[in-house]
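Structure incoming, see below.
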Amino acid sequence: MGCQTDQELLGIIERVKPLVAKGKVADYIPALKAADQSNVSAAVFHITRGSDVCVSAGDIEQKFTLQSISKVLVLALALIDQGYTNVFQKVGMEPTGDPYNSMIKLETSSHSKPLNPMINAGALAVTSMVNGNSPDEKWRRILHFVQCLLGGKAIGYNKEVADSEYKTTDLNRSLCYFMKQHGVIDGDVDELIDIYTKQCAIEMNCLDLSRIAAVFANNGRDPQTGNILIEEEVARICKTFMVTCGMYNASGEFAIKVGIPAKSGVSGGIMAVVPGKLGIGIFSPALDERGNSIAGAEILKIMAEEYHFSIF
Amino acid sequence: MGCQTDQELLGIIERVKPLVAKGKVADYIPALKAADQSNVSAAVFHITRGSDVCVSAGDIEQKFTLQSISKVLVLALALIDQGYTNVFQKVGMEPTGDPYNSMIKLETSSHSKPLNPMINAGALAVTSMVNGNSPDEKWRRILHFVQCLLGGKAIGYNKEVADSEYKTTDLNRSLCYFMKQHGVIDGDVDELIDIYTKQCAIEMNCLDLSRIAAVFANNGRDPQTGNILIEEEVARICKTFMVTCGMYNASGEFAIKVGIPAKSGVSGGIMAVVPGKLGIGIFSPALDERGNSIAGAEILKIMAEEYHFSIF
Amino acid sequence: MGCQTDQELLGIIERVKPLVAKGKVADYIPALKAADQSNVSAAVFHITRGSDVCVSAGDIEQKFTLQSISKVLVLALALIDQGYTNVFQKVGMEPTGDPYNSMIKLETSSHSKPLNPMINAGALAVTSMVNGNSPDEKWRRILHFVQCLLGGKAIGYNKEVADSEYKTTDLNRSLCYFMKQHGVIDGDVDELIDIYTKQCAIEMNCLDLSRIAAVFANNGRDPQTGNILIEEEVARICKTFMVTCGMYNASGEFAIKVGIPAKSGVSGGIMAVVPGKLGIGIFSPALDERGNSIAGAEILKIMAEEYHFSIF
Amino acid sequence: MGCQTDQELLGIIERVKPLVAKGKVADYIPALKAADQSNVSAAVFHITRGSDVCVSAGDIEQKFTLQSISKVLVLALALIDQGYTNVFQKVGMEPTGDPYNSMIKLETSSHSKPLNPMINAGALAVTSMVNGNSPDEKWRRILHFVQCLLGGKAIGYNKEVADSEYKTTDLNRSLCYFMKQHGVIDGDVDELIDIYTKQCAIEMNCLDLSRIAAVFANNGRDPQTGNILIEEEVARICKTFMVTCGMYNASGEFAIKVGIPAKSGVSGGIMAVVPGKLGIGIFSPALDERGNSIAGAEILKIMAEEYHFSIF
């Protein structure tokens, strides 16, 4: 199996580095805009090797916020908390040709049901379904769940990013009030936005992200202890959404060209899963025009070609 | 000119009364749902007769809330306050084939500009442009303006209706946050919603409404004192919108079949203007499937046919 | 009443002439592209003066094709042939915020009914309803009707323009097949397209067009003989559509700013009607970004301001 | 590996048989309407067993037309003929939340490019790209290609179904003319429609279909001779589209619940691929509300659960 050494991974990073000049760092909030456009780091977490399970390369200490990658993790938690039927009563399973923040399908669909949990409307509805008697409890359960996926490692969120998004995310408020009017969500919108902006601001490095990806690669089991962290079916559902809707409006093309289940975030992170083999965490903040890390997507394309990582 | 006596108007009301059974009272808030479906009242305010200027028929004491009719009045005030250029920088002038509360065109139009001031998005943007250093001052200026149109008569708003709408109008909040994200409006959304739900809940009877209509019929001048209450151009703009977008998604058909500038509200009120001649106020809460008073629209159709009130 | 002399009209033309440099001649078919961008001509046909009824200015010999202006004339004929109920069973009466050649509302509306007869879909459906046992008879009846509106003057159509449009108008074919699938039209699509492209290519000068406009201004009666050419109700319906949908996606703005019922064509022609007073024919092929003659629209704006021609 | 005997497969068919009563046979053309709603047949073609490679059950002699299943096969041929770059210059790779026959995205997308090759617009564009100097040659090449996938077996098409669809498929003509106007396709529309309706009417039984599916399961190689019929990359692309867009507007849900690449047709056929293992052909004409064979989809769901056939 491929990508066994740091050196090998570094080689791939060197090949994709020139691409960062063609991308653009997200600039809608100052905290994201400050990212170093030239940054590229990656880690591969093998689930089938002995003690030395992770290879990495680039500036692996560099932290970044999860942004939309968090949608997959909170979906897993909501499915654990509420079950398949309840979750998919409120959120659909179909990919969409519309932008991730579009309202149109909410208006034209019967029941105003968001098409899937990877667009913003669906992700907000999913977050609203996490168990908890208070907004604070919901948020702490989300953070705790992510820490469990990291083997108990204490991580937190970037308060500056969360605060900044909270203040400016009126489009998400618009989506929430629309869904509230139609009974898709209930409760206080600002409390939900508060949790959502925090979950998006959860911060880690590519090593951490590769470990979480490895849980999904390992059918929901902790790659080190073998403990079940996510039921196998839930892990499978999450991987399926990563294929059909994980890379914004380039998901179909990414499935064709790369074929690795992956979820990207506007910070430049990508979590990718090679089922039964390994998890991948990537960070490179220069984005292409559809919002995916330009170097990150290319790393996965190279891996798919060289190591035959496509699921298709 | 037609409709000179109470008796004549009563005759028309008797003819349309059977229609109320085919309509449906708005039921999205309890206060509106409580309306008596069989109610029909109307008043005609002539601007060219001597002292005895108004004929009326039906239960003319019955008050109702203005709802969308208020959009025309607040548009007039915003045009007075901010001027043509400022107002139409934020709101368009084009009719739409979409529902009055639709988001779609906001998303697909460049600049997210609401298509016109008679759909909810446009009306909310217009209300946000009324002058005032505080929400309270804006609201008091709106109420004062309406009272001026009534010759100084003290009227108020229905607090129960306003409160009820404030609590449930999440779709309007959704529209506001969408527009806020795109810079069409700024400021606090809930404060704007508070003013807007109050303006919609301004309460009067059909006699009052016919007097306001008479101001528009009289090119903006008070029909009794001759004082300028609204500049002629502003009055003309308002009448034009009443023709192109005043009757929800039946505006085009109403222009063809009736041809009288009119604005309806979901409470069952209709304000109609026969330019240079008279103003009409109607109340009958049974609505047709497009949200217009079923008996009210028929009264205007009969008047158009019998008295040649069409502007076309 | 205004615009009594050629000199007066020439003065207006001189004022608007500089605007043509800002416009753009339609270039989607060679025959239209060949138009002289600097051309401006206009005629005003008074219905209330004695023998000398028409004033004109500019290169009044210049012919142009009617293009979308023909939609109004063929609507009149279809209403005469089929009656109000039949026509409006197939075509709606509502303005739309979508482009004149859009498919979207056909797909999202129940019954796939075109929203109004001034968008292409609606106009095609209207043309299909003209009486005639063969395509050729339908076409000859249309041409004959237009000649009647011209007091019997023999006019024809520009074969080069019609042929060119016939070959390239695949979007209109697309609209037709969509409507055929949904039962809005039946019969052979290419035969319908043939008639439609010919009607759009009917050729005349601004004097002719002003005479046709005068028929509408005169409630359907021939302005010279007083004969009824169009029933009054049909004429009224046509004028109403000219207000709500006559100037493409600038109809609402034109109603506000000018307030004269008008229909424009992509050739640069505008037919405008001042009810009870006069008809106006304008030709100036430089178009603004919404497809209306830039100088032509300004001529009407000046007339509305100086002669109080607005109907509002 | 599962499903080794006819008996085993028959057991599954018996379990799903009661479902057919809940479905509805396609009725838009008489030839499809005549199908026997109670019919269920299936075949599984193993690529890794010796001489006895195929198990089957139900009325396996029953022929059916491919309908949309042909979209996958013609995509493979177009990719072979024109190459990846040319094909995807005209057709996108993204799933859509809109119906398979929708025009909306064509109008709102830049370049009017169909979103993917599994919706009608995309499939028509793909068919237009098949090599051939004449419509007849294109059609014969398509038929020949399908026969190659069947190991040279002579099959044909159902002329009655093709003729019937040719006469009534005005919506597809509408899509074609729209694309022609925008340069996505060129050439004669009716000739393209003729080829397309024939490809949809290619007729076979479930044994045949399972053999074709086995070619895809075998990475494009003939499961009996090992000859390359489709390049591996082309086969991979086809399988990916089957996952993201193969089951109409239930594709996302089918990926979640079943996870087997599959393409359905309105005749009630489904071609499904378990990569590296086997191909499945199913016929059962009773459709669910999204146009997929109700019993067929359930057969695949049972197989996914019992034999772990999901790729996720």
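Should a chain be cited, it is by its letter among A, B, C and D, assigned in written order, with residues numbered from 1 in that chain.
Going forward, a residue touches a chain if its C-beta (ideal position, glycine included) is under 8 Å from a C-beta of that chain, and two chains touch if they have at least 3 such contacts.
Heads up on the chains, UniProt names are A, B, C, D = Glutaminase.
Since the model is a prediction, treat every value here as computed from it, not as a measurement.
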Compute the centre of every chain as the mean of its C-alpha atoms, then state which one is farthest from the centre of chain A (Glutaminase). C
Mapping chain B (Glutaminase) onto chain D (Glutaminase) via their CA atoms needs a rotation, nearest 5 degrees, of 180
With centres defined as the mean C-alpha position, give me the chain B (Glutaminase)-chain D (Glutaminase) separation in Å. 55
In whole angstrom, the CA-centroid distance of chain A (Glutaminase) from chain B (Glutaminase) equals 48
Where chain B (Glutaminase) and chain C (Glutaminase) are represented by their mean Cα positions, the distance between them in whole Å: 33
Mark out which residues of chain C (Glutaminase) touch at least two other chains, giving numbers and ranges. 108
Building nodes from the protein chains and edges from chain pairs that touch, which of line, ring, star, complete or other describes the result? ring
Who touches whom among the chains? A-B, A-D, B-C, C-D
The answer for chain A (Glutaminase) against chain D (Glutaminase) in the complex is residues 92-98, 105, 115-116, 236-237, 239-241, 243-245, 249-253, 255-256, 259, 261, 275, 310-312
Which chain A (Glutaminase) residues qualify as touching chain B (Glutaminase) in the complex? 102-104, 106-108, 170-171, 173-178, 180-181, 189
